[in-house]
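Chain IDs A, B, C and D follow the sequence of writing; residue 1 opens each chain.
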Amino acid sequence: MSVAMRRNLPLVITFIAGMLVIGDYYFKVPDYNKLIADWLKFVNVAATFAVVIGMGTLTRIHVRRLSQHKQGWHNSLALLIALYGLLITGLVLGEGRFTEHPTYAYWFNNLYVPLDSTIFSMLAFYIASAAYRAFRARSAEATVLLISAVVVMIGRAPIGPALWSDLGPITSWIMAVPNTAGIRGITIGVALGVLSMGVRVLLGRERGYLGPGA
Amino acid sequence: MSFLGKLERVDPRAIYLLLFLVISIPLIRPIGLPISMSPMTISYYDVVEKIKPGDVVVISMDYGPASMPEQYPATKATVAHMAAKGAKIVGLGFWADGVPFMDRAFKEILGASKDHPKYGIDFVNLGWVPNGEVGMAALGKDVQATCTKDYYGTPIGALPMMKDIKSGKDFKLLITIASGTPGVPEWLRQWQAQFGLTTITALTAVSAPGVRVYFPAQIAGIIEGLAGAAEYEVLLARYGYKGTLAPPMDAQSLSHLLVIIFIVLGNVGFALKKYGKGK
Amino acid sequence: MLVTLYLTMKGIKAPTIRKIAGLDAIQEAVGRATEMGRPVHFSPGIAGLATDTGPQTLAGLSVLAHVAELAAKYKTTLWTTIRIPQVQPLAAEIVRQAYVKAGAPDDYDPDKIIYLSDTQFAYASGVVGLMHREKVAANIMIGGFWAESLLFAEGAYLTGAIQVAGTANTAQIPFFVAACDYCLIGEEILAAGAYLSKDPLQIGAIWGQDYGKAIAIVMIAIGIVLSLAGNKDLWNLLGKLW
Amino acid sequence: MTIPEILGTLMAAAFTLMIYSFFYKENKAYRLAEHIFIGLAVAHGAVISSKYMWDTALTPLLMKGETYWILPMLVGLLFFFFFSKKYFWVYRIPISTVVGTGIGLGMAGLMRSQFTDQIRQTIGLTDPKAAWYSGSYPINAVLIAIGVIGTLFFFIFTTEQKGPLLYASHIGRWTMMVAFGAAFGFTVMARMSLLIGRMQFLLDYPTGVAWYLIPVAMLILAAVVLMERSKAAKKA
């Protein structure tokens, strides 16, 4: 296949796929809309295969570490056992019930779920240390950031309004007025940015995602 | 370096340890600090309060286990409130990991889920609806075709209350317990905009500011985070609902105060350093 | 926007783009990592490609191309972590080509573009762990980020890394602003591809964006006056668009 | 509680503490938990994807004979050309399908929900009877409009920011700073809630078995710290 085609085929497909989906929003033709609903499922099914690439490369990295007895190889072993153990439980032993199989659910609920919420909860510590570090009255702008953060933080604490009854409304004002304005301005900007980016990608001008020189 | 000078650069580990203590102590020994009331929570309560017996309400689990501590109390309280008002509840979820919480809430509030004598008559759990926003659009157009079976595998035709529920038009109220995508904006685009349906939501506190811009025009009531849920529990006390959020609220208040104290200390240290040098 | 694209294509006007400090700082960050002999970490965010936040990931990948070229040129180790499976081959290809372009194809190591599961917090735990073990000196994150934003930003701060971060998810920008050295806000990341490529046509599209904003500004200014006067005409008119 | 339940709870608690040990510093316990988590998460992702594929494509294909479902699977298989040196570029076919669809989804309806609707919300009718802190109170409506306009000026890229434009974009910066501070302060609540949730798990009855692990973890931590101190002392 020619080089030109190799270069252009992906761009043509991108363009067609994008236009199909955009058209679905603006034209209410039942048959067409149904086709697009199926198209989205098509794309999701096709995209699913990429999971194997991720799994493959990760497995390769850790098998290599394991076989070379690199530092921390036992962690690689643990990773591979966890990966393939759960995978086999879900797919082979799962009797077609996948995640609903009791053995799967046991490991999922007692390992996966607590790990997930524990990592998430680390944010509590980090938000405290980040606040301590970042909120210094270095400049006028930083002071504004600091004050609005502190006011909202007290205002949103369950005890806040009990300390000072006007805090509730002041917090609401900050959230309703400057916060709304700032977020809305950014949102409008992002909408235009996405539109412009979309046009660039659909017309094949922005190809950074295909690699430099693609 | 003097003690005050050190305030500028405290080892983060000291902050972590203090935070750990400040949160565990009230959980072991509750203090009973007061709880305030936000207007958004009141609106949320008022909307549910207006439900008449027999009104069909859809409640969607759009969160996962990670935000369960924050979202589940609101889920449970909302189910209790709807049950008290005699609503016909259609439970479902667009997050696969979130749907089990619907089942759990039914069990904890109504005593049982699929084995309940009124299951299929007063409430159903349609389970996970895949494909995010696309799925929402499909569900709005045709409920029966999108959810052919409920969470427990019963065909939708075998559930008496689903007989008259064909599309998004047949609902009186939409409640999404949301924490990300798909969540509020998707529901607004696919349901609220299409059917003019009254919509209320319980959110994680972090997604709340982004959603507030829709209040009150598109979203009629918001429960914001755990504090919102605690306020809602207070309002529900008149129905005899027993909440669990008072001790966590103590921990919450204290942790906020701790963070503020650290910010103040940091700034004192910073100011001393800055003006100390100036001399 | 198509009009401005047309104008730039015909060479009638060549707009210039203002400085975006965050993007210029990338070079500084990679340079500093090189001096310290420590690696760089890059994340293109966690937004799936086939979702409406996908454009943010594409924006991140455009920046990755730039970062990888710098890393290849300076011979600095670059770790790229991936959450979305479909992004893995794209990122690997971008980094490989960047090394080829810099004339150092042998320095390319596919094992340094790691997929760390498509679960948000498993990915986050992996990234934080990696940043600490490898002692990264520069942490660059451009793309769609959610709650993990602060985990990465604080995690990298504790390793002493210089950080450049950007996202269009409004809820996460505050954390990047507070915890990172340089922050790209919203629209800036979407303009990054055009800014870095210096392709006049792409900049033409950015120019079109500015007209969009000008229209929004004018409409809001007129609209608020009308609204205070109790007139709803513009409001109704806008409701009929699109 | 049955034995597996108790073991499950202990396991959950142990892993919770292993993760928290990171706050002292990056260490072996955290590393192990992290690797196991990633392994589990990759597997979970694969299982969920398989289930999705099974429900969406394979069931209609095998049970209902809807043969066209073979198509996306063939397209998906093209991803594997990524591992081929020669036909490497073929993997760009599925990728561009996905990217195009994503861009389309991003653009469809975007101008309405994030552009015109946002403008409309800014210029909706004001209500002098609204509470003073509500966004529809006239003065606040004007302030919001000024804030939005300022923020938009901040994002003007192709005109140099000087003169009146600079002032306008300064208003934008200030507005955004207040917005960011507020959002940060607001989020503190959510993050503390998560930690409280974890602590409740560790401390609560009947899962209170987890309680006993905290002192154990503290002892291990203390031992590790002492060992490191003595090592450091020897070196010195």
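By definition in this document, contacts are C-beta pairs under 8 Å (C-beta built on N, C-alpha and C of every residue); 3 or more make two chains touch, one makes a residue touch a chain.
Fair warning: this is a prediction, and the values are worked out from it, not measured in the lab.
Engineer: Between A-C and A-D, which chain pair is linked by more C-beta pairs in contact?
Structural biologist: A-D
Engineer: Using mean CA coordinates as chain centres, what's the chain A-chain C distance in Å?
Structural biologist: About 14 Å, centre to centre.
Engineer: Could you give the separation in Å between the centres of chain A and chain D, each centre being the mean of its C-alpha atoms?
Structural biologist: 5
Engineer: Between chain B and chain D, tell me the centre distance in angstrom, where each centre is the average of that chain's C-alpha atoms.
Structural biologist: Those two chain centres are 17 Å apart.
Engineer: For chain A and chain B, let me know how many angstrom lie between their CA-based centres, rounded off.
Structural biologist: That pair's centroid distance is 20 Å.
Engineer: Going by the contact rule already set, what residues in chain D reach two or more other chains?
Structural biologist: 19, 22-23, 31, 33-34, 37-38, 40-42, 44-45, 48, 52, 56, 79, 82, 95, 98-99, 101, 103, 105-106, 109-111, 115, 118-119, 121-122, 124, 131, 145, 148-149, 152, 155, 176, 179-184, 186-189, 191-192, 194-195, 197-198
Engineer: Which parts of chain C, given as residue numbers and ranges, touch two or more other chains?
Structural biologist: Residues 49-53, 55, 58, 85-86, 89-90, 92, 115-119, 121-122, 125, 147, 170-171, 173, 175, 177-178, 185-187, 191, 206, 209, 212-213, 216 of chain C each touch two or more of the other chains.
Engineer: Among the residues of chain A, which are close enough to touch at least two other chains?
Structural biologist: Residues 40-41, 43-44, 47, 50-51, 53-55, 58, 99, 113, 115-117, 119-120, 122-129, 131, 133, 135, 145-146, 149-150, 153, 156-157, 172, 175-176, 179-180, 183-184, 186-190, 192, 194-195, 197-198, 201, 209-210.
Engineer: Examine which chains touch each other and state the graph shape they make (line, ring, star, complete, other).
Structural biologist: Topology of the interface graph: complete, with all chain pairs in contact.
Engineer: What does chain D use to touch chain C in their complex?
Structural biologist: Contact set of chain D toward chain C: 19, 22, 26, 30-31, 33-34, 37-38, 40-42, 44-45, 79, 82, 91, 95, 98-99, 101-103, 105-106, 109-112, 115-116, 119-120, 122-126, 138, 141-142, 145, 148-149, 152-153, 155-161, 176, 179-181, 183-184, 187.
Engineer: Mind pulling up the chain C residues that touch chain B in the complex?
Structural biologist: 51-53, 120-121, 146-147, 158, 170-171
Engineer: Spell out the residues on chain D that touch chain A in their complex, using ranges where they run on.
Structural biologist: Interface residues on the chain D side: 4, 7-9, 11-13, 15-16, 19-20, 22-23, 31-54, 56-57, 69, 71-73, 75-77, 79-80, 82-83, 89, 92-101, 103-111, 114-115, 118-119, 121-122, 131-135, 140, 143-152, 154-155, 172-189, 191-192, 194-195, 197-198, 201.
Engineer: Taking the touch rule as given, give the residues of chain C at its contact with chain A in the complex, in rising order.
Structural biologist: So the residues of chain C in touch with chain A come to 1-2, 5, 49-50, 55, 57-59, 61-63, 65, 68-69, 82, 85-86, 88-90, 92-94, 96-98, 101, 110-111, 113-119, 121-122, 124-125, 147, 150-151, 153-155, 157, 168, 170, 173, 175, 177-179, 185-187, 189-191, 193-194, 196-197, 199, 201-202, 205-206, 208-209, 212-213, 216.
Engineer: Quick one: which bits of chain D touch chain B in the complex? Just the residue numbers, please.
Structural biologist: Of all residues in chain D, those touching chain B are 23-24, 48, 52, 55-56, 105, 109, 113, 118, 121, 124, 131, 179, 182-183, 186-200, 203.
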